[in-house]
Every structure is written in structure tokens, then in C-alpha cells.
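Two complexes follow with chain A in common, the first pairing it with chain B and the second with chain C.
What follows is the complex of A and B.
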């Protein structure tokens, strides 16, 4: 047996399906916007997850290494490694920069990580293709979003690096894909000056009588050597031993090494609440407005759809159809429309998500929430439509 | 019937549209987002020959660098060679201004002449004293004979004997004078020789045949003692001062073959071998230092040029191996995600040497033919659902 609603839908099924699809595209945009918001938060989380650290040791009184510049000497990790409760510690450098590749610029975050052992904090946790860095120099692992392929040669500052592996979802909090180098290479990229600057610095040193005293030519050489080398890192990533309390370990390091230490929760707060707070709120605000507008449009469509059928409803009333049946028909149609709209929206959002330049995360929980909201709006609006339909005078069927 | 047919066709069409939509929705819900299975590629554990390699960088250096400079401060008077010149052992490279050295030599010569004259005078004095002594001796002998004959008084004899003793003392004094004069002559001679040596030392001479690589002072420059004016290297004796990461440098030893790529000649790698591993490592950069010698037949590269050195360590023979992309660390254990009956299982491993292509020797934990996850689209956990594909991404 086919229901009244079904019969009505069949009567103008093309229009019904097309309306549903239009609605679906709108819902798709709303879901995508939610995905953009979630993606933004997730980028920040991914940065923390991928570093594999429980604690971040940074320069004293800075919010480093992601939110503020921070600089520690490379050997700062040694005493930390020896502290109780610390499992592993590794220096890491981060530097966002522009790399020219095949005629266009790619913005990347250059990460320097210890490569000697697999699984040291700071290394990419998984690979899509290729291998990990084996040589201590001139090899790189890139996020697939950089567009680099295995075997490509990319130039970072003075040196050329060969891409040996690809990974995914390795992004900075701003969504820039990462390029992993060995720590020494990355230090060179970050701290070493370009050749021109070094030459000029040498000339400056030579012309200063204090740094280049007459009668002792060795002093200038020593000064130049001291200026050229740098063994700093931006942060030391620490994993705590199983069973150790991260907060307690952080407190110990803070107390005895006189550096600033952040736990995962604090780092998350810095990234999510401080760094991306404004842009996330911006997107969030837009999402709220979009959701309200979508709800209003869904409501109008269903309401006008019912009003468009007011004459048929009058006829139904004239032939003695019960109010319950009419109300049921309108409700079923509204819910059907919502269902089609949601399905189309979910499908299109999923299919166009990968084309966004930044990560779009469509959470199943968000989809469920969206589904419930769509259905609730449809049901609510159909009440209005039912009210209008039930008020109609059966005489209109013959009157008009 | 004629009305019913389009009606059912419409129903069918609508159903078809709805069914497609639902199928797509289902596909999307299961195949995308966090619930979707993780795409992975697998690798089967096989035996491979692992030839570990060690990668380092270094700079081209001369084995011996001779820094030629004066031993005393002075002003550079003239330079006779320039950078790039080849010099022979003993060739004069530069002269330092002698200032007053010539005058001092002249003065020393003068005093040497004077000493010689004084020595000659002393010799005549000795001759004079000897003559006096001979006269006194014969007079004393004659006096004794006359005294024995009673022809001479005792007082006169005593006088003659006293004259003899005085003549003897006079000779001794003259001889001592002569010795002193002769000592003085050799002293002034030595002084003059010393000044002449000093003057010779102002000529900067190549100690060995080689190539001038640096000219650090020009005419008129005042140089301090020990400051280099020229640097000479032997271009046939170049080596590479290479640095290797300490964590991977186990097994490095003298005699191992090396592949050297100079920065200016990326396309033509050179052959060489480790000459010696330095007993002292660099504690600041945490690197092991080694000297790598180049095989003969190399045109001179710029000293100081960057070189990449790949050392071939002894091969480990055929052994179970896996690609390093498969290795993960969970907690304190290093291992791989093994595929066992379609399920993921983290297997802790003991790993050995790694070669330059990223293959790692498996010492314990896996058997031949075991399948492990090589690449994955996302990090894996024990509860991850997976789809095995041939290639990612």
C-alpha cells in the first residue's frame, strides 16, 4: 500500500528530488564549514600528536616553539634525559619558510628531528611512501601536501635535499605542510647565515681594532669561527617514562634546569586558545550564521511547498480526509525532504572536502548532530505548514 | 493499466534515485572520515644482503700545510712568489727588511779585527817575555858559577835569581794575556757569525717543494714573530677531513673504501679510502672525525671545498631485512605492525645494521615470509581497520 505522502511525491517526484538536492547542497556547505572549523582545531592537535612528545622544554619564559620563537642550546637535552621519569628527549627545530620548487613557491615548515633511531620524538610517525632518513645529511621526508615526489631535489637555503619519503597530515598549526630534515641540516637552515652575510660580517670583524688587534692576527680568525657556528634548537621534546606523572616530571625539569616546560594540556591551550583562537572563532561565527540561514531556508522551502499544494489539500478535506492523514502527509514529506537533503549534503561535503587547500575534518559526530538538527527543523517547520493546511477552507477547492 | 504503468515506472525511478543516494551515503559514511579503514601497503620479510653505509661530510684539506714566517718581528721588504706558484725546496720566497742588521754586522767585523790585533800584540809580548826569561836564566846560571868560585857576592847572586823569577812571571802573564786575546777573538767572531745567521734568517725559504696557497702579507707589512707570510701545501698530498654522526659511526675503521662527491663535481664521484680515524672525536658537534684519502688521478680541488663521503662498511651477508619505513616505536619498544590472519599486531624487534637504502637487519622477532605493514595513510593502532593496497598515496 502506498501512502498519501508517497503518492503526492510520486506525482511531482522530479520537483521533489530536485528540491531535496538543492537543500542538500546547502546542507553540504554547512557541513563543510563545520569541517573547516574542526580541521583547523585538528591541525593544531595534529602538530602536537605528530611531535610524539609529552613535554615541551623551551627557552625560559617563552611560549615556544610554535607560538613564539624559542632557542635552547642543543646539549640542553642531556641533563633532561638523565632526570627521573624522563624516557626520551630529543632536540627539535621548527622554521616556516618558502621553498621554490619547479617554478612555484611552496610554503613549508622545516622540522629538524633526530634521525638516528626510529621513533624519536619529532619524527613523522608514519610514512605514505619511501623510507625514513638514513643519511645524516641532505635527505628529507615531506608531507604529501607539499606536492613533492620521492626523488625530487629541493633547495633549502644553501643546500639541496633529496626527498626520500612521504608522509601525511604533518602540518603546522597554520596548515603548512612539513618538511623533515635531520637536526644538523635543519640547524644549518635555520641559524646559518647566507654567504653574503658571512662575508660582510668577516669584513666588519676585520675592520674592528678590538676584534682584529694589530700584532695578533689569530684573534679575528677566532672571532669569525665563533660567529659562524650555531648548535641551538628551538625546543626539546620529552617523553615521560611509563607510569611517571608528566606534571611532576615537568615541575622537576622546570626547577632544576631553569627552563620553561609545557605539558600536553598547556601546549594545547597555547595552540588552540591562543594561536588559532581568533581565526577559529571567526569560522565558528560564520558557521553559526550559516546554520541559522540554512535552517531558515529549509523552513521556507517546506512551508512554501505545502502552501503550493493548498488547493489539493482543500480537495482532500472536501472529500473527507481526516486531519491526521493530512498532517501525516506533510510531516512525512518534510522529513523525506530533510533525509534526501542530508544525504546529498553529506555526500557532496565528503566529495569536495579533499579539494580544500586546508584540512577539512568531517566528524561522524558532527554528521549525526547535523542529521538530528535537519530532522528537527523539518519536523518543526512542518508543524507551521500543518497549521496552515488545517486552517484551509475546503470550499477553496471549488471556490478558486 | 495505461495509467498504472507510468505510475510504477515513476515509483521505480524514485526508488532508484533514493537507493543510489542511500548507497552513496552508506559508502561515504564507511569509507571516509575517521571511521574509514586505513590504507596500507605490506611487505614480506625476505633475506637480503645488507651493506651498511656511513654518510659523512667533510672538507678538502692539505695533509701538510707549511706556514712560512719570520722568527723575529720585521717589515716585509720584498716578496718573490705569489699564490698559485710552484716552489722548490730552498727557494727564497720573501725578504724581511734587515733594518740595522748590516751595520751591526759591520760593527761586529770591526771588533773581530780589533780582537785579532790584540791577540797579535799579546803574542809579541809572549815572545818578549820569553827573550827576557832566557837572558835572566843565563845570567842566573853564570852568577851561580861565579858565586861558587867566590867571584860574586851573595847579594849579587840573589839579585840575578830574583830577575829570573820576575822574567818567569812576566812570561806567564804574557801567555795569559795571549789566551785572553784569543778567547776574545773567537767571541767577537761568533757574534758576527750570529748576526750573519740572523740576516740569513730574514730570507723566507721554502722548506719543501709545493704550491703557494696563501700570501698573507705584502711588502711593507710589519709581521710579528711566528706570523705566517706564505702557506705552502703539497698538492699531491690532499685528504678529506670528514665528520660522521657518532650514533651511526660504529664500525668505522681505517682502510674502508669511500665514495667521495665533491660539491663542484656532483656527477663524477671519486674513490678513496679511510686513512685514519681520529682518536679524538668532536665533543661539541658529537661527530667522529676521520681522514679520507683520495685515490690518485685527481685534478686539484679547492682546499676547503665541501665533500660528501659515503663509507661502505663490511657487508653483513644475507639476512632477514625490512624497510625502515615499517619501524615504529610504541612506548619503549621498537617494532613493526605485523599482519597476522588479517589482524594487526605490534611485534617488538631486535634490529641490526641499516644500509643506505633504508633496509634494516632483523635480528629477532620476525620469521621469513611474515607480512608487515610498510606504509600507512594514517598512524596505526591495534584496533585500526585496514585495507591493503598496492601503492600509496
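What follows is the complex of A and C.
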């Protein structure tokens, strides 16, 4: 038996392919939306993976350092480092800001990490080019998505930093690329006060007899110096010793320090379930709407194609064609349209994914799920056209 | 000659009670194998209803219909699968050819045997043989839209004949054709009827072809009157009885 659907498609292949391409663009948008969601999750996981930490020690009762502000003394790191089961501990700061570079604003997350020893948590785990920060000041390592090149000078607050290394996939949970500075430079950038505030603070210190005792100007100078700088960090990142249980180490730190400690699983839950939850719901709504629109378009196209063949269907029924042959023809056309649409959608989504400002991750599993969904939707909406075709009276082929 | 189709006292009533419409009031007719008869009558006389009953697309109210030796209706359908009945025992030729636009000429004709389960190659061979007989074999690979009106009607006739049905119902088959082509189609039907021993009933209003039938049935108010060779019939079926 010949394929009636195949012949019909071949007969009007131009119209069919164009329709499939139109549908494909819509499917491409749907796949891209799913890719945006996956990209957000992947960014969050990359943030955690690349931090190199097993535990995040943050200000007590906060969800820091990514979801809420958190401030700890950098001295908190030392007793933690001495605890059983702790391999390494390092203070880090995170500050999202916009910096100007070559006439364009680049949104980055400035990360302050200790540079004393390579491999400390918080540092970029790998470099694409250049070297890591070795000087205490004015050097930076940037993620390639910043667009910076080795040797570029970038200004963060008042100071200018030279890019000495490039890394990749180092992004914030919001997808902003990271710019690594030494911890001291990052603390200065994060806690820097403006000039007016410093002048007023100095005047207040000078006018206070307790902070500026007569005959001892060194006290006021020391107070001013302490007020102008900060030794705080946003979190202490901890790696546990080989064989140590991260939950047990976290419990020990909680017992002895007035801090909150998150394990990897807890931090992932904060990032994915709390920070991304609303965005995920938003994207989910878009996916549902796009699926409904796609379904409506396929239904309309298949229904219109079927209605345009009512006379032929009546003739086919009159000359003895089985209902299932006619239903099969319509179903195959709907699936054919879905197949073309999905192929076009997958190609365009893959093609335009790199042009999105944020990471779009197209997972093969999502493609498989998308394919099954497209086929299921096409099969489902073809029922409307099949119903219309099966209602056609073969007597319509006979005049009068 | 052996009988191709016999209709006895066929009644079709739409609705019931005061609103009942008696479309057929007891039609009797028979057509022998190899014979072509005309069925004429004014609009509303019941021609289309009779054709639909004969074509097993609507169910008569009562009566009896026999195709060859097979009783297909006797106050109720006597065959379970009307679709198979239409496919295997009845051929249809329509007012317009109604060829399937996305199939080429060969497959338009071969479709029926394929639907009946014949292998594609065998069905296509039968189709090509018939197209040869109908003198349209040279257009076998063409699409319907590439054919002239006369060629399309020949292909439609081939489609009606391909399963060798004992009966062919032709509904105004010459309506879209000019005189020359219309008469050629009737000639062709006569030839095919004889060649394939098929009983052909031609419903027509076409004055050009009415005189060519050796036997005519005139249907009026749901009742048929058999008439002899036509000669003075108008398009509304009026004439000597």
C-alpha cells in the first residue's frame, strides 16, 4: 500500500516544508527556553564546583554568600582551619558590580580570594591562558566571558588592575562572569568608603577626646586607619580532609563557632530551589504557553489541510478506503510536520544558543523529551482533523 | 444476458409521520452485464437518492437489491462490510473526475486494488493495462492537474473499472465535457461495459448523450418508468412513456 500521507506531502512539499520551518522556529524558541533554564542550573552548579569548597561558612542565620549578604571576620578562618577534618579554609568576598572597559560596561562578579597558596578554595581551578595572581595587589584573573584580554587594564573602584590570566565557566549564579582579585584588593573594593564619608569620619574622630586624647595623636591615626579598611569576608570556604565526612565537619564548626555552615547539598538547594525557583517557574510558564501555541498552530494547519481535502476524503471513503487508512494519512502528516518542525527547531536552537548573553545549555535528554512532546502534541491535535475527516459522508462525492 | 444489478420495489423515506419525505416510492429496474442504461429525471425526482442507495452510502427503507447473484439488500443490508462492498462490487464515476490530486495517474487507478490488498507492482500493472485500453497510457506518470478534462474522465473511468466491479454507477459523467468528448465518453462506457461485462447506470441530464442509450429509466416522484430507445427526451426527463 502506498503512503497517502507521503504522496500528499511530496505533492505540496514546498508549502509543507515552509509550514514545518515556521513551526520549527517556535520549537527552537521552546528548546532555547529550556536551555536557558538548564544554563541557570548549570551556572549555579559551576559556581559551587569551581569554588572548590565542601563547606560554606557564613554569617550566622544568613543564606550567604550568594543568596544573602554575609559578613565574617577573616580571622574566623584560622580556628576553622585548625578543626579536625578540615583540610583547607580560605576567606572569600563576592561583589557584583559593573565596570567600564573599552567604552562598554561589563557586569562582573568581583571575587576576592587568598593568593598565598595555589589551590586554596575560592581561586579559579584552571586557567585558559596567562598565570594566576602572584602579587598581593593590582593583578586580576578574568573569565573569558568578560571579554577582557591578558594585559588589559581594568578599573575597579579607584584602582586599576592588570589582567594576568584568563579562566572559563567561572560565573555567578546569575551568569555574570567573575573577575578575581587578591583578597586584600577585593576587600578594599567591597568596603571602600567615599572621600566625603572618610573626611567626616576623621573630623568626628578628631573632635572626640576619647579617640583623640590630647598629646597622643597616634591614637586618632590608628582609629582612622581601622575605620578606613576592612578585614571582613563574605564567607570562609572549607575543603574537608580526604576521608572526612562533610556533614560531621560542618556540625563541629557549628558547635564551636557562631556561624552558619552549609554543605554542598544545602548550598545547591539554596541556589537552585530558592534563588532560581522563580525564574524556573517563569520559564516553565513560557514553556507551557509555547507548547499550547505550538499545539494550536499544528492543530490549525492539520485541520486546514484536512478540510481542504474533504472532497478527496469523501471519494476515498466512497471507493472503499478504510477509516484507519484516512486517519493514518492525517496522523502521518501531523507527525511529519512535527518531525520537520523539531529538526528545524533543534538546528536553530543550537545555532543561536551561543549568541544568548547568558549560558544556554541544550541537553540531549531535553532534546529527546522535546521530540517526544512534539510528536505527542502533533498526534494529539491531529485527532481534531481525524474526527472531521471521519465525519465526512461518502455521499458527498455523489452530486445532488 | 445475465443480470448485473436488479432493484425491486426500492423505497426510501426520509423522516416519519407528517414530515416524512418519500424520495423513492418503489423503484424497479434491472441492468444486464455489459449493458449501459441511462437514468433521467427532473431535479428532486429521486435520482441522487437512488444512486446513493445503489452505492450503499445510504440505507433504503425497504426493497431488494441484487448484484449478480449476491443479494446485498433485502429490507436490510445483507452484507456486513459496506466499505468492502463498494470497493469490490461497485465502481463510481463522478460528475467531476475527483482524482486524488497528490497521486499520479497510475496510482489513482491502482489505489483501489492496493486498498483491496494487492501488491503495489501488481496493482500498478493492472492500472497501466487499463490506461492502455482507455488510450491514456501515455499520461500514466502525469499528475491529475496536468491532464485535460477528457483525459481526467478517462482516468476516472479506469479507476471505476480497475477492480472489475459488476456494476458501475456514473453520476453525470459528461457534465463538464463538450459534445464531442461527451459522446466519446459514452462510447467508451459502452465498450468497457461489453469488454468487462459490467452493468453501467448513467445518471444524466445531458441532452447530447440521452439519445445514445438503448434503454432509459425515467424517474419521476420516486418511481421509475422503463423506456425504450431514447429519441425525444428533454433534459428534465420528460418524454414518451
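Please note the rule applied: the second predicted complex is superposed on the first by the 369 of 400 C-alpha atoms of A that agree within 3 Å, B and C clash if a C-alpha of one lies under 4 Å from a C-alpha of the other, contacts with A are read in each partner's own complex, and residues count from 1 in each chain.
By our rule, contacts are C-beta pairs under 8 Å (C-beta built on N, C-alpha and C of every residue); 3 or more make two chains touch, one makes a residue touch a chain.
Remember, it's a predicted structure, so these values are computed and weren't measured experimentally.
Colleague: Is A:284 in contact with chain B, with chain C, with both, or with neither (first, second, both, neither)?
Modeller: Neither: A:284 stays clear of chain B and chain C.
Colleague: Considering only the touch criterion stated at the top, classify A:127 as touching first (chain B), second (chain C), both, or neither.
Modeller: The answer is first: A:127 touches chain B but not chain C.
Colleague: Quick one: is A:10 in contact with chain B, with chain C, with both, or with neither? Answer first, second, both or neither.
Modeller: both
Colleague: Counting only touches as set out at the top, which of chain B and chain C does A:346 meet: first, second, both, neither?
Modeller: After superposing on A, A:346 lies in contact with chain B but is clear of chain C.
Colleague: Please work out whether A:136 is in contact with chain B alone, chain C alone, both, or neither, and reply first, second, both or neither.
Modeller: After superposition on chain A, A:136 lies in contact with chain B alone.
Colleague: Of the two partner chains, chain B (first) and chain C (second), which one does A:242 touch, if any: first, second, both, or neither?
Modeller: So A:242 only meets chain B here.
Colleague: A:394 contacts which: chain B (first), chain C (second), both, neither?
Modeller: second
Colleague: Applying the document's definition of touch, where does A:165 land relative to chain B and chain C: first, second, both, or neither?
Modeller: The first partner, chain B, only.
Colleague: More chain A residues touched by chain B or by chain C?
Modeller: Looking at chain A, the partner in contact with more of its residues is B.
Colleague: Just to be sure I read the superposition right, which of the two partners does A:174 touch: chain B = first, chain C = second, or both, or neither?
Modeller: neither
Colleague: Taking the two structures together, which residues of chain A meet both chain B and chain C?
Modeller: 2, 10
Colleague: Quick one: which bits of chain C touch chain A in the complex? Just the residue numbers, please.
Modeller: Per the touch definition, chain C meets chain A at residues 47-48, 51-52, 55, 57-58, 83-84, 86-88, 92, 94-95, 98, 100-103, 107, 111-112, 114-116, 120, 143, 159, 171-172.
Colleague: Inside the complex, what are the residues of chain B that reach chain A?
Modeller: 7, 10-11, 13-14, 17-18, 21-22, 24-25, 28-29, 32-35, 55-57, 216, 224, 227, 244-245, 247-248, 284-285, 308, 323-325, 327-329, 331-332, 334, 354-358, 375-380, 391-393
Colleague: Spell out the residues on chain A that touch chain C in their complex, using ranges where they run on.
Modeller: 1-2, 4, 7-8, 10-12, 311-312, 315-322, 325, 393-395, 397-400
Colleague: Show me the residue ranges of chain A that touch chain B in the complex, using the header's touch definition.
Modeller: Contact set of chain A toward chain B: 2, 9-10, 13, 17, 49, 87, 116-120, 125-132, 134-138, 144, 164-166, 168-169, 184, 215-217, 231, 241-242, 340, 343-344, 346-347, 350-351, 353, 361-364, 367.
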